[in-house]
Amino acid sequence: MSLYNRLVMQSSLIKKYIMALTGIVLVGFVFVHMAGNLQVLLGQEAINAYAHALQNLPAPILWGSRLFLLVCVVAHAVTAYQLIKENRAARPQSNEVEITKRAGWSSLRMGLTGSLMLAFIVFHLLHFTIRTIYPEYNDLKTTVGSPDGSEIHDVYSMILAGFRIDAISVFYVFCMFLLCRHLAHGVSSMFQSLGLRSESWRCKLDFAASAYGWIIFIGFSIIPVLVLAQKYGLVNCLDTCGSSCSVNL
Amino acid sequence: MKLFLKVWKQDGPQTEGRFESHVLDGVSEDSSFLEMLDQLNEQLLEEGKEPVAFDHDCREGICGTCSLNINGFAHGPENSTTTCQLHMRKFEDGDTITIEPFRAKAFPVIRDLVVDRSAFDKIIQAGGYITVRTGSAPDGNALPVPKEDADLAMDAAQCIGCGACVASCKNASAMLFTSAKAGHLNMLPQGQAEKDSRVLNMVAAMDEAGFGNCRNYGECSAACPKDISLDYIAKLNRDYAKAKIKKVFS
Amino acid sequence: MNLDSKIPEGPLSDKWENHRFSSKLVNPANKRKFKIIVVGSGLAGGSAAATLGELGYNVDCFCYQDTPRRAHSIAAQGGINGAKNYQNDGDSVHRLFYDTIKGGDFRSREANVHRLAQNSVNIIDQCVAQGVPFAREYGGLLANRSFGGAQVSRTFYARGQTGQQLLLGAYSSLSRQIASGQVKMHVRQEMLDLIVVDGHAKGIITRNLSTGELKVWTADAVLLCTGGYGNVYYKSTNAIGCNVTANFRAYRRGAGFANPCFTQIHPTCIPVSGDHQSKLTLMSESLRNDGRVWVPKNVEDCGKAPSEIPEDARDYYLERKYPSFGNLAPRDISSRSAKEACDEGRGVGPGGRGVYLDFEDSINRLGENVIRERYGNLFEMYERITGENAYQRPMRIYPAIHYTMGGLWVDYNLMSTIPGCFVLGEANFSDHGANRLGASALMQGLSDGYFVIPYTIGNYLTTISPGGIDPDGEAARQTMESVKERVSQLVSAKGKRSSRSYHKELGQIMWDYAGMARNEPGLKKAIGQIQDLRDDFNKNLLVTGTGEEYNMELERSGRVRDFIDFGELLCRDALDRNESCGGHFREEFQTEDGEATRNDEDFAHAAVWEYKGEGEIPARHEEDLKFEEVKLAVRSYK
């Protein structure tokens, strides 16, 4: 801890570097995660096989990556907490009139969106990864997507089952909107924190960041939206007719 | 013009502040914001009341003494303008104007709207200079400086040290000031010898003074009367990283 | 009063070199035993404090602003002269010397001016090394422009903010010394008196503007770098805080005040728009390169919009009166002509105090874009202040008080008539004579601070033993008592009128009778009016609050009180100088066509005033100016 204090806590800029570097990792992670999720649209077999492959990566890689991500999330959150604490102390009295010329909602609310994202990550892990909220998801087994015909976890059915609950889907979409707003500031800002942005590029980067935020939002939200839409008979694009699917929409 | 003013009053650094309301009539549209306050003070004197203390000096937008948060904006709503260059024609007859001091822990209030900005001096003392003995300088043309570098250095050097960047930042960060000052010298060949120690020491002094952290949302640059660009903050981030890495591995 | 200028022997160009060699040196080990007070942190004070600190002296530096970087040197726009001859256009130290002497209308000391020209070269080098971002050419070398009617390009500049950049350079050097502990900086402190013991300056008394605390500071020498007194006119291009108090207090303690009537008026300022106005803003004189100055021929047309006044009803009076120089006539001449036109009732704008500066012809000839490129920032500034678009209608301009050439008398070592009290920069009288050339003020401040005082102060310090005086001793106590009494008098003033109202009234008297043009009856009237104003001030002043707190009213009252006394001194000097020269124009002394008539026979001297006590008429002394190098000539711009 003393080394951490000496290296990190004493300098405002190093804290910003940590935010940016961990931010890059997390920005990359959400994209990969989203791309993986979208395989739901390809059907039960694709997503199940993908999930199975991920879970059966060699332990050092699997747990190494998980640990790395965990460290990034924790470092991102702890440093953010430190920064916010210092920022509040630096401006103990607020103005009677608080107003901005340039800063928008998302850049001013990084702490709020970030905290909610952290809560969401915990919920999401308990919901789909550790599955303590609905332990019955552990019992969803199938051979579809299995590389060797043995029974594997039916991720496809779990997703459908998870999102057919209206409140959960709405909550997920809402959280993805927060993520979108978080990214809209964060993706451009991390370049600035690392000294890699210039004013002539700022508009382009801001646009790219915003676009990235919306891509992530759409990419993640499309699945709960489709699940609900199908549940209420608005569309029929997710395959639930096969004998292997244990969820009916 | 008739104006309704809501002005911050605070007797000293240790005391609690409060707002006082005043009505000021007969304000000329041609007067500057500070001249309007002069007029208010004359009126207060006539009424036998204490005038409102505020900082001001050159009244032509260059010394950086005037401050004031006007309706929530450091130096008022106009862009590229100091309070002394803000004119009353930018307001409407009958407006209510809220006037507050620049607020930051590093800028304690001395009285009313007057704040102590000596934290900025501390940052400069930490490294905002080039060490050169008087009389020891080589000929001015001995060291050519590319015009573009000189122009960029000048863009940064224009900073008037008013503190609007700190006041407009929700985190009271002094990154724009520090980066402009370090950037000006770091961009010139004369400033290279001390570049690394300069950024490390200036940032340390900035942190120590109790300023907040940069959130990259650019309010500072939007409020800056000299339009100092966020590029200098990026440059400081870059220079600091390089200096720190060099230091760790040396 | 001893007015020995101590000008060194030898040919003019060797004087400074000889003097540096013969000046006494202070042993490095002894330097740290000496304590030096520097009052003011502008170009002169900041550079002096930094350099003396670097040499090893213990320096205490004071300023009334909240940081040394805000001194009013920061507002200088145009540039700084340096006889570098980088343009290969025939410039030399001697030419800069000659231009400055002639520009000063032959009322300055040859030796001082020559030293200034010599040092100008080093100043540029020093500032470049400090990182001052001077304008560059594409090759990376320093750029120059011509300025102030000089025939060579010798002005170095940093956009329109040269003063700011030079001051920040000095401030950065000063900051380095503050960090090292060699200089102690005391901000928001105003000097209220000079402590003089056995005729030597040994310290000052300051008031802390934040807390009201009065304090004695002792030292072995005191440097006053406190700027000019332009604010005696209330409205000037000076900062609001600029004041004469430090200089005037030194004068009251025995320092001679030289040539107070030499004030400079700048022709291109934004005119007064109303009673509320607190300050006048200067716009670069370069505007006159492309603008034509005119007023309506007929008084009846003055209220009309300028576009409604036909060409033949306009009086382009500068072109009419000075066909060869036209709109580019020198500062004093074009200022006076504007005043004359307005006095005839032909002025335009609020109060009839303004003349048009019209760009219509230039816009038609060159296009709006060219004009925008050349003067865009000035047009913007004009619009911000007046709300008028100068591309569409002519600008209104009027002259304003800008710089004061007079100041405390100093010898070649920059020491006043009080041993141990040195005066640097605009605060002294030495280098600009009766009129200052453009881009020379910055040069003088830095020359005095960086390159003169570090050498010459040794001549004094080696004659005394270090250690100063006892801060609790009799002399300091007495001075402190008088300051306390003065402050308590002011703070107990519970009359009806604010100090600002007195300052305004004083300014009006000064401007009307001791402004651009002066005459005997007017000056006598002014002296009477000022005396009445003083009586009224003593009876009816209102100061709120107490002395033990931040109190703007108290601050201003003390300054205005000194301005009132000083204004009278200025008028007396103007009254006794029976000639017209430089910024001092006496209507009785002009040629038939209105040109200034200098009187070299009787007035080729600096008039030095000695304080004789409250209510007494000060004594006038003279230091004769000897011209060995240059021939006195008449300035003509026909």
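The letters A, B and C name the chains in turn, as written, and every chain counts its residues from 1.
In the analysis below, contacts are C-beta pairs under 8 Å (C-beta built on N, C-alpha and C of every residue); 3 or more make two chains touch, one makes a residue touch a chain.
For clarity, every value in this text was computed on a predicted model and none was experimentally measured.
Colleague: Among the chains, which one keeps its Cα centre farthest from the Cα centre of chain A?
Modeller: Checked the centroid distances; the maximum from chain A is C.
Colleague: So, comparing each chain's Cα centre against the centre of all protein Cα atoms, which one is closest?
Modeller: Per-chain C-alpha centroids ranked by distance to the global centroid put B first.
Colleague: Measure off the straight-line distance from the CA centroid of chain A to the CA centroid of chain B, and report it in whole Å.
Modeller: Computed value for the inter-centroid distance: 39 Å.
Colleague: Taking each chain's centre as the mean of its CA atoms, how far is chain A from chain C in angstrom?
Modeller: Here the centre of chain C sits 65 Å away from the centre of chain A.
Colleague: Starting from the mean Cα coordinates of chain B and chain C, work out the distance between those two points in Å.
Modeller: Those two chain centres are 27 Å apart.
Colleague: Any idea which chain B residues touch chain A in the complex?
Modeller: Counting only chain B, the residues touching chain A are 6, 8, 19, 69, 71-73, 79, 98, 100, 103-106, 168-173, 203-204, 206-207, 210-219, 221-223, 229-231, 233-241, 244.
Colleague: Report the residues of chain B in contact with chain C in the complex, numbered from low to high.
Modeller: It comes out as residues 11-12, 27-32, 34-36, 38-39, 41-42, 45, 48-51, 53, 55-60, 62-65, 81, 85, 87, 89, 110-111, 114, 116-118, 120-121, 124-126, 128-141, 143-147, 150-151, 153-154, 157-158, 160-161, 184-185, 188, 190-191.
Colleague: Which stretch or stretches of chain C touch chain B in the complex?
Modeller: It is residues 47, 50-51, 54, 65-70, 72, 74-75, 82, 84, 86, 122, 124-131, 133-142, 158-159, 161, 164-165, 168, 171-173, 175-176, 178-179, 185, 187, 210, 237, 239-241, 273-274, 276-279, 281-282, 384-387, 450-451, 454, 498, 500-501, 542, 544-545, 549-550, 552-553 of chain C that touch chain B.
Colleague: Applying the document's contact rule, which stretches of chain A touch chain B when the two form their complex?
Modeller: Residues 10-17, 83, 86-87, 89-104, 107-108, 110, 185, 188-189, 192-199, 202 of chain A touch chain B in their complex.
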